[in-house]
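Take a look at the structures below.
Here chain A shows up in two complexes: once beside chain B, once beside chain C.
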Partner chain A sequence: MFWRKLLNIDSKIIYVVVGLALLLPVIKPVGMPVSISEEYTRRFYNYLTDIPKDAVVFFDLSFRETGEAELGSSVLPAFELLQKRGVKIVCGGQWQQAPFFMQSRLEKKAEEIGSVYGVDWVNIGYKPGGTATWRAMMEDFWKGAAGVDCNETKFDELPLMDRVRKLDKETFAAIVIWQAGTPGSGTWMQYAPDIPLLAVYMGGIGGNARYLRSGQVQAMIGGMQQAAEFEIITDCLGDATGLLDAQSLAVLVVIAFIVLGNISWIMVKRQDSLERSS
Partner chain B sequence: MLRREVPAVLTTVMAIFVFLSAMLFPLEEMKILARTDSLLQFMGNMALFLGGINLFRLHSRNIKKKREYWPFSLWLLAVFVFFTVLGIVKGNNDPLYKGLYDALIVPVNASMHSISAFFLCSAAFKAFRIKNLDSIVLMISAVWVMLASVPIGEIISPNVGIVKDWLLAVPGSAVARAMANGLFLAGFAATLRIFLGLERRHLGQ
Partner chain C sequence: MNMDPLIMLEAVGTIAVLSYVWKENAAYRFFEFTAIGLVAAHSIVQTWNNYLKPTVRDRMIGDGEWYLLIPAAIGLLYYTRVMDKKFSWLARYPISISIGYSIGYSLAYSPRPFLKEFRNNFASFGHVNDYIFLLVWLLVVFYFIFTLMKKTKKTLRVTGAITRCLIMIYMGVLFGTSILGKFSRLLGRYQFLLRDWLRLI
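Presenting the complex of A and B:
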């Protein structure tokens, strides 16, 4: 009887339990220990710190608001890490949302660390047209990007853009992509395979681990845990570290529900077959 | 003739042209793709324009005929017109445009996505059943990867993470690559049918 009741539990009760599991650690954080993954986070960090001073890196912010917590949280530490080392950054995106809403966050961070817009970094914003636009930038960056940044400031008013005439390996030391789906790293693998590519994936590494093994991506991190690891390794604590406790508890709740669901299903099935045989 | 044969012939000729210019070295040097790319950009922008018109027509009809949920159509068109006009007149960097976007779209979109956590948990409870060996393997690996993706996995055992990395890097990668190859071949076959004029549904036939 108990198992049957449990099997037919109202979804609203599950929602309340999940809600509490997400809310309580935010109100009262536990501070679970986080160890740094050598294969992913350390490798990602080391690659960024090996980029020579004064080189230019392209930040491809290809996500939307849904990826802000997981992806957005590692953009600022990477930005700070490279800018403090004197590496120049050009931001853009294959998705229209992130280059737009990350601009104010990047401006705030730049002000905090003393980076000058136009000299140390530029945000060209979202450029419509898909892969055709990026291929056009490989021929002529200014023409392909319509010659203006996200604030509609002309490239010739931004000293950094003097160095950025083509989207190629001579101009960019690396491309770092934060991607929530398609279009994403595939664009760079297909059309700019000679520029080193680093990737940050939403929801975890998953099937993308194959790109690391094949050498198509030089380093990658994924999901909230590795975003938190990256925040810790760069000493730039933010959302990911703060929300990791909530995610831990939520995962435990999901696992508990899977196990309970299966136990109750087996018990009810057994009970039904016993009743039928009797 | 103009509605059927000409678009089909144009598709086939352009497909052969682009395919050869991507494959053959001398044609690549002639930068033909760069020229077709400009056409693609133009077509992309035109598609956006057509999409706007289509959206407007569809929802205007909903409002006119007072179909179910027509107030939502009205709301959609009002927001569509407001943001289009504001964006064109004041630009993307207008404080009102940016402020509305940051205060509305960002939190609403993030909230919508967060709600999936609740549905996921409910679905996992009600639908994830270990009925055979395949589902047992699926459940064990899913639970393992979930545990290893949060600090609690590391607390249980440091080996949890090692096994997860192996699962992702070896069997996960192999399967993902096999699927990617299959998808590419299927996509290529479908595209080839369009190139050769065998598939004409995009022309409304």
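Presenting the complex of A and C:
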């Protein structure tokens, strides 16, 4: 029977179909229209543009290579937006990978827009030790961060770091976190609740919307959709705008599989009960 | 095609890991173990560069903070676990100190974000969403508190059924978010293979 065969379909076939649905639009994007979300993307953008000139913002890059396509694509527009407005940026991360592999992309972007490393921005890299390290930076940033950036350059050779003596609200106008999981924004809500927090979540906002409502996060965006919106609103088109088509098509395929799976299950159940009664 | 050896290696590694979707194989295993080894090695180098070197060179030798030898000695007691059994009990000291420290830390800082979230979420009622939020919260709390009474009380059975649907919707949102995250990861790899390696896009 057709429905029984469909219900017992080899999972590898589903993987291949979903894989192709993701692959084809990457090769040939459709160019689906994108509308800007007022509650999330516009609010996120407005918050960044309201940060006063010459303030210092901390970029917490808490993701790994697998998050580069989605999260990495909104780091660069945010970096460009703030740097062009004269806002200073200190990058770091609670995850090992992103502060390092984003360095070359940030350097390239900085060169494009004329930002000077050490004066306009610094990347302290990943500092192991978890929350104890961040707590130490709140007491003494230099000591907590071992006094060196991601290239082992001493803080006293980087003029911007003269202004960064503590990880507190007097030093940082905001923390912007790009997170692919835990540890993430929870660290800042727990240990630095006084510093305004902006968050970019991987996959989507999901259950994190409650933090926006409670005011623990001032603005947030999530998923490829809002990464694409952010690229458009900042006029800095990158990966997310192109990849959104692929993700949308794959979601449609998954929905189709869920619907077909449910119909198959109902049909098989009905046939089994008919067979039992006869 | 990009013939840079690092890009080639990354491409082969990506294909080998993705091949697990079809079947577990030796190439997948090789790259899985390589990745674990790399992470372990990287962590050791990071700890050495970020902690041990600056602590010993700058703080102990440079600034004369020799008291740091005391926590270092306590930390070294961890290794007594792999020594003779008559010394292994000494490992309990660093373990008890670190657990005590973690519990103290949690008790001091964990309730704060939760209480703030709770207080702020119910601070103002003006929008219809505020009432929906309160209603759903009450239903979920009642659902778990009166789990056992659902067998006897009809009202609780009805609200329980509604609440179960609400919880499932929430779980669905979390599941959907997780799936989208997985798609993003795969898209990143596709982009690497097609753009950075094969230069097709």
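One rule holds for everything that comes next: the second predicted complex is superposed on the first by the 278 of 278 C-alpha atoms of A that agree within 3 Å, B and C clash if a C-alpha of one lies under 4 Å from a C-alpha of the other, contacts with A are read in each partner's own complex, and residues count from 1 in each chain.
FYI, a residue touches a chain if its C-beta (ideal position, glycine included) is under 8 Å from a C-beta of that chain, and two chains touch if they have at least 3 such contacts.
The model shown is predicted, which means the values in this text are computed figures rather than measured ones.
Enquirer: Could you look at A:Pro128 and tell me whether it touches chain B, chain C, both or neither (first, second, both, neither)?
Expert: both
Enquirer: Give one of first, second, both or neither to describe whether A:Val148 is in contact with chain B, with chain C, with both, or with none.
Expert: second
Enquirer: In the overlaid three-chain picture, which partner chain does A:Phe257 touch, first (chain B) or second (chain C), both, or neither?
Expert: After superposing on A, A:Phe257 lies in contact with chain B but is clear of chain C.
Enquirer: With the two structures laid over each other on chain A, which partner does A:Gly207 touch: chain B (first), chain C (second), both, or neither?
Expert: both
Enquirer: Touch check for A:Trp3: first (chain B), second (chain C), both, or neither?
Expert: A:Trp3 sits against neither chain B nor chain C.
Enquirer: Would you check which partner chain A:Gly223 touches, where first means chain B only, second means chain C only, and both and neither mean what they say?
Expert: Both chain B and chain C are touched by A:Gly223.
Enquirer: Pick one for A:Tyr47: touches chain B only (first), chain C only (second), both, or neither.
Expert: neither
Enquirer: I'd like to check the shared interface: which positions of chain A are touched by both chain B and chain C across the two complexes?
Expert: 15, 19, 22, 65-66, 68-69, 128-129, 152, 204-207, 210, 213, 223-224, 247, 250-251, 254
Enquirer: Please name which positions on chain B make contact with chain A in the complex.
Expert: Residues 31, 33-34, 36-38, 40-41, 44-45, 48, 91-93, 98, 101-102, 105-110, 112-113, 117-118, 120-122, 124-126, 128-130, 139, 143, 145-147, 149-152, 154-155, 158, 161, 165, 168-169, 172-177, 179.
Enquirer: Under the stated contact criterion, what part of chain C meets chain A in this complex?
Expert: Residues of chain C touching chain A: 21-22, 39, 42-43, 46-47, 49-51, 54, 58, 105, 109-110, 112-113, 116-121, 133, 170, 173-174, 176-191, 194, 200-201.
Enquirer: Which chain A residues qualify as touching chain B in the complex?
Expert: It comes out as residues 9, 11, 14-15, 17-19, 22, 32-35, 37, 39, 64-66, 68-69, 97, 100-101, 104, 125, 128-130, 132-133, 135-136, 139, 150-152, 204-210, 212-213, 223-225, 244, 247-248, 250-255, 257-258, 260-262, 265.
Enquirer: Which residues of chain A touch chain C in their complex?
Expert: My answer: residues 12, 15, 19, 22-23, 26-27, 65-70, 96, 126-129, 131, 146-148, 152, 180, 186, 189-191, 193, 201-207, 210-211, 213-216, 222-224, 239, 243, 246-247, 250-251, 254.
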